[in-house]
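The same chain A turns up in both complexes below, where it pairs with chain B and then with chain C.
Right, the complex of A and B next:
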């Protein structure tokens, strides 16, 4: 049914409409619903059996108080921060190292190397974790009877999975940025007598800082949301609890113990913390990164 | 002419708008059959969530004979995840018509108002089940919330060949089991008699039932919770002692490691349920013909008691528009001889119906060396005792996993883990507002 648009002033809104509709449907409404659920709870009377024994009532900020007062959630944050610091340092360190090495002049098989470093990123998280899980299990491991999944080592073992999977992606981001740097800079540096190492330290890394920050922010967010690795490894070992990471606690509350309302409140708390952490990280590094150039 | 144009307009609207509701009014005149419904009604369509192997084949038998009620099976992953999925679907308002409900999860389903009372529809099949099993689907109330499907009385699976090799008798008491565990370690430090699984609360529940635990009970209008009762403490203390002593392993069941140990003979026993042969044949194919079955070791010499691990029922969703038809299918599935035969043959389950026992004639392939497998199972099944499950078993079971994970990893007091289960359960029930008896 063709219909002419008579009022040109409506045109921008028509073009915007799909985006607005999608945003409202898939962002605003779910967030609003989560906020609504987070201030409600169920109230059971008597035995709680039979019809009408369970009602949904307004709970005020009780769920938030419970979420913030829950020691397990904060213990989860501590575990995740330790894990995240490890992943961030090692993964970005390797990514930077590989990007710089690939960008040097005399490198053989650059294409092949690049692809092999990137390839693990294409392996789905669950598959990667299961694969590593099998390598970690003492009786199946080709590395012999080592306690990779013991209480002391499990954080490192999990970080290893994340580093293995994430290094390639971050390397590619950094490498692509490096390729965009005009070659004359290096030319000039060489004429001034700089070696490859000096070029890397004095020119390439400073030019890379914005990209490093970008990958850093992505990694911080991914770390806060860590869920797949611990959840997949959990059935294999008794050192990972059902509340190991904050998101696992939300999953447990919502789908294992059936308390959607607490889960909604905890989600809101975690969303707030993620925002603070990501913006905080940006703020801390902003001056260093963008202030001088 | 007019109807045609309306239909065309309706189709155009349908195609160009997301709001399909608009088309309802204008599309009506174009469907002439709507008014005259004297003709046979369209078949009732039911969906059924189950994780019994080959359930679709069994439903096909029903569909063939009942053109008026067509059942579609949707295969589920099973266990806790399936229960969570059903509760979520029920909350969202689009549950399946029928669902496989493990006995321990049924009270949670009832408390969430997710399953229907089908007392009237099941009156005719009540006599087909033992009283203990029937109590699990009534929860001790006047209502009936499901039709029992299978049950899981526990027994001891053991490696007969290796028992001979190490010179161990089949333990008759838990004391003998502990002695045997020590003997095995002395003869071969790579081998364990058994393992304590901190991932399988249902397993521990069955062992506690054998010892006489009563975790939940209803007194008047209040729940009584006694997870840390003396019987459970005895069971927990016993296994905790063995794990601490190092004579029992602590790897969880159903893991790749466990499969390997079952296969290569480094694990000699598995106290499990009657559905064990299915697990053993798929997880430990190399052990075929080497495993045998015996009654669970007893707490006191001369007793013969057991507990239940698992077992499930067929429930009808409270929101199903076709409850009567769904209940009729549930009755047929779990009591009709043809259905029971199919369940045994295709689904490899141990039917809860008393008629089912007579149909179990073919010894499982895996236990070809034990022709009296089903006679043993029936005798043990008659000695198994269960208890009423509470309305938040999912919380209790999750607490089991976390508390025992920790206790096993640090080799600390197992009875403290049981107290944690009790505390977490009580706290959750209190928070929800259940009336608790003290």
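Right, the complex of A and C next:
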């Protein structure tokens, strides 16, 4: 770093330079490149043989039209919405329940149970799916011959892996928020005759609403992009297609069938959906955290 | 606090609620939760001790006698490629998390403590990265890395994971909570340069927060599957997640390989769980406020 860098005006930009360079190289350029690819396509002339027979040309919104008209992609969206709704409801429900239970008086084994329930956070999604995947196999399952990986059950079995992996982190976020509430509020409520259940319902849960929204939006973004779990489970069952989730279809388009352009268009659609969902959350949370410096 | 004011009117039946209406129930709920989370981990640890025959015949939680031979088999698999996967993962997660923590800390500190034109724009852009689906980035990143001949190298996995929006967000919150502006002003009056202020005044106060950022990013990279899965073709550069996946893809139809996969899964958990348990006090998740206690 040069000697006379301590001119206050330039300093913040110098300090931010590494982050800005990384942002441009690994976010802005790839996003721009995806947007570019999404409006291109290959034009094949003649038999498509030899140099110059395949040209990349401007395609307008054709790839988007194809993505929106693609029945398999819609089916993927429907599967992921069903899966995501299930994961979100169960995972956040359990996370809230556990956080409230941890925050009650006279709870035993609080430390042990808190650490245990948070533990799956440290387990890679691939490892979690492998463990549950083997537990689902009739030849190994302690639950007998139940068809966990049949067409009807596989969504629930996959949701179980996500709930198992995600509940602890969300529980800890909610619990940390609860710990920051001054205890006086509860004392005041007790003096007014409120029971623990009323305190939970009328003070704690309203206090947790912003944190629940925050964890909810992060979970929605994660479930829209589900890829690791179905991909890892696929070798163990034939009920998960290579296009089970939209992300898996993008991967297949890009790397198996080699249609980068439609993969790019589908990527942009997923990005747009994530952004729309996230903006609501930013509006709710942003000013709360950074209202002042 | 509207919630409190509504409670200032006690309802008649509220008195009936005792101070401990749930008794043992909260503990019971939490213990059930812990059993559910520990169940598959316990299973994989026990299953890794079983020999090929025992895996399919003995009761689920009966320890077996095959741990040593399972380990020997795993380490002999394709000339010990499993060791390489473990080592690669340590390189990706360790190197990436160190770089990521450095970039996050100085960025969060700058965004918290300097007022300058474009601050909000830069912050929103950097944080907005959290919302960009990983695949939107991973595929063009792969193509761009291919262009410059860096696809299928360590760099292709390491570099894209340095910028960590959540780490910058945390660093900004920690700086706001931990470093009073007056302290920096006093340093400036004493003639300290801005870099020295950051190194000698801010960094020591930010160290606990930096450990937290390091841990989050370490776990995120360790657990990442999509990026290395897309970037890498040579299995000597795989991290554990991709390695285990290929092991499963190769062995799913051969129950004789299950021992190998199960033992590999078990071993992949050990380093992270050890880190997780020893670093307990740094796992803070104050996402929405500056409630940092050190």
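Here is the rule we use: the second predicted complex is superposed on the first by the 250 of 293 C-alpha atoms of A that agree within 3 Å, B and C clash if a C-alpha of one lies under 4 Å from a C-alpha of the other, contacts with A are read in each partner's own complex, and residues count from 1 in each chain.
The criterion applied here is as follows: a residue touches a chain if its C-beta (ideal position, glycine included) is under 8 Å from a C-beta of that chain, and two chains touch if they have at least 3 such contacts.
These numbers were taken from a predicted model, which means no experiment stands behind them.
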- [ ] Determine, for the superposed model, which of the two partners chain B and chain C contacts more residues of chain A.
- [x] C
Open item on the list: Between chain B and chain C, whom does A:135 touch in the aligned arrangement: first, second, both, or neither?
Closed with: second
- [ ] Please indicate which partner A:231 is in contact with in the superposed arrangement: first for chain B, second for chain C, both, or neither.
- [x] second
Open item on the list: Under the stated touch criterion, which partner chain does A:89 make contact with: chain B (first), chain C (second), both, or neither?
Closed with: neither
Open item on the list: With both complexes overlaid on chain A, does A:81 touch chain B (first), chain C (second), both or neither?
Closed with: neither
Open item on the list: For A:260 in the superposed arrangement: first (chain B), second (chain C), both or neither?
Closed with: both
Open item on the list: If we overlay the two complexes on their shared chain A, which of chain B and chain C does A:102 touch? Say first, second, both or neither.
Closed with: second
- [ ] Could you say whether A:271 touches chain B, chain C, both of them, or neither, answering first, second, both or neither?
- [x] second
- [ ] May I ask you to decide whether A:61 touches chain B, chain C, both, or neither, giving the answer as first, second, both or neither?
- [x] neither
Open item on the list: With both complexes superposed on chain A, which partner does A:113 reach: first (chain B), second (chain C), both or neither?
Closed with: second
- [ ] Share the list of chain A residues that count as touching for chain B in one structure and for chain C in the other.
- [x] 1, 134, 139-140, 235-236, 255, 260
- [ ] Using the touch rule from the top, collect the residues of chain A that touch chain C in their complex.
- [x] 1, 5-6, 8-9, 11-13, 15-16, 18-20, 22-23, 25-27, 29-31, 33-34, 37, 94, 97-98, 101-102, 104-110, 112-128, 130-135, 139-140, 142, 164, 167-169, 172-173, 176-177, 180, 185, 188-190, 192-198, 202-203, 206-207, 210-211, 214, 221, 224-225, 227-228, 231-232, 235-236, 247, 250-251, 254-255, 260, 263-264, 267-268, 270-271, 274-275, 278, 285, 288-290, 293
Open item on the list: For a test of understanding, state which residues of chain B touch chain A in their complex under the given definition.
Closed with: 12, 16, 80, 84-85, 87-88, 91, 107-108, 110-113, 117, 139, 141, 143, 198-199, 218, 221-223, 250, 252, 254-257, 260-261, 391-392, 394-395, 398, 401-402, 404-406, 408-410, 428, 432-435
- [ ] Spell out the part of chain A that touches chain B in their complex, as residue ranges.
- [x] 1, 42-54, 134, 137-140, 150-151, 235-236, 238-243, 252, 255-258, 260
Task: Interface residues, chain C side, partner chain A - complex - done: 1-4, 6-11, 14-22, 25-27, 29-31, 33-34, 36-38, 40-41, 43-44, 47, 55-56, 60-61, 102-104, 106-107, 109-116, 119, 122, 125-126, 129-137, 139-141, 143-144, 159-160, 162-163, 168, 172-173, 176, 193-195, 198, 219, 222-223, 225-226, 229-230, 240-242, 244-245, 248-249, 252-253, 255, 258, 261-262, 265, 268-269, 272-273, 275-277, 280, 283-289, 291
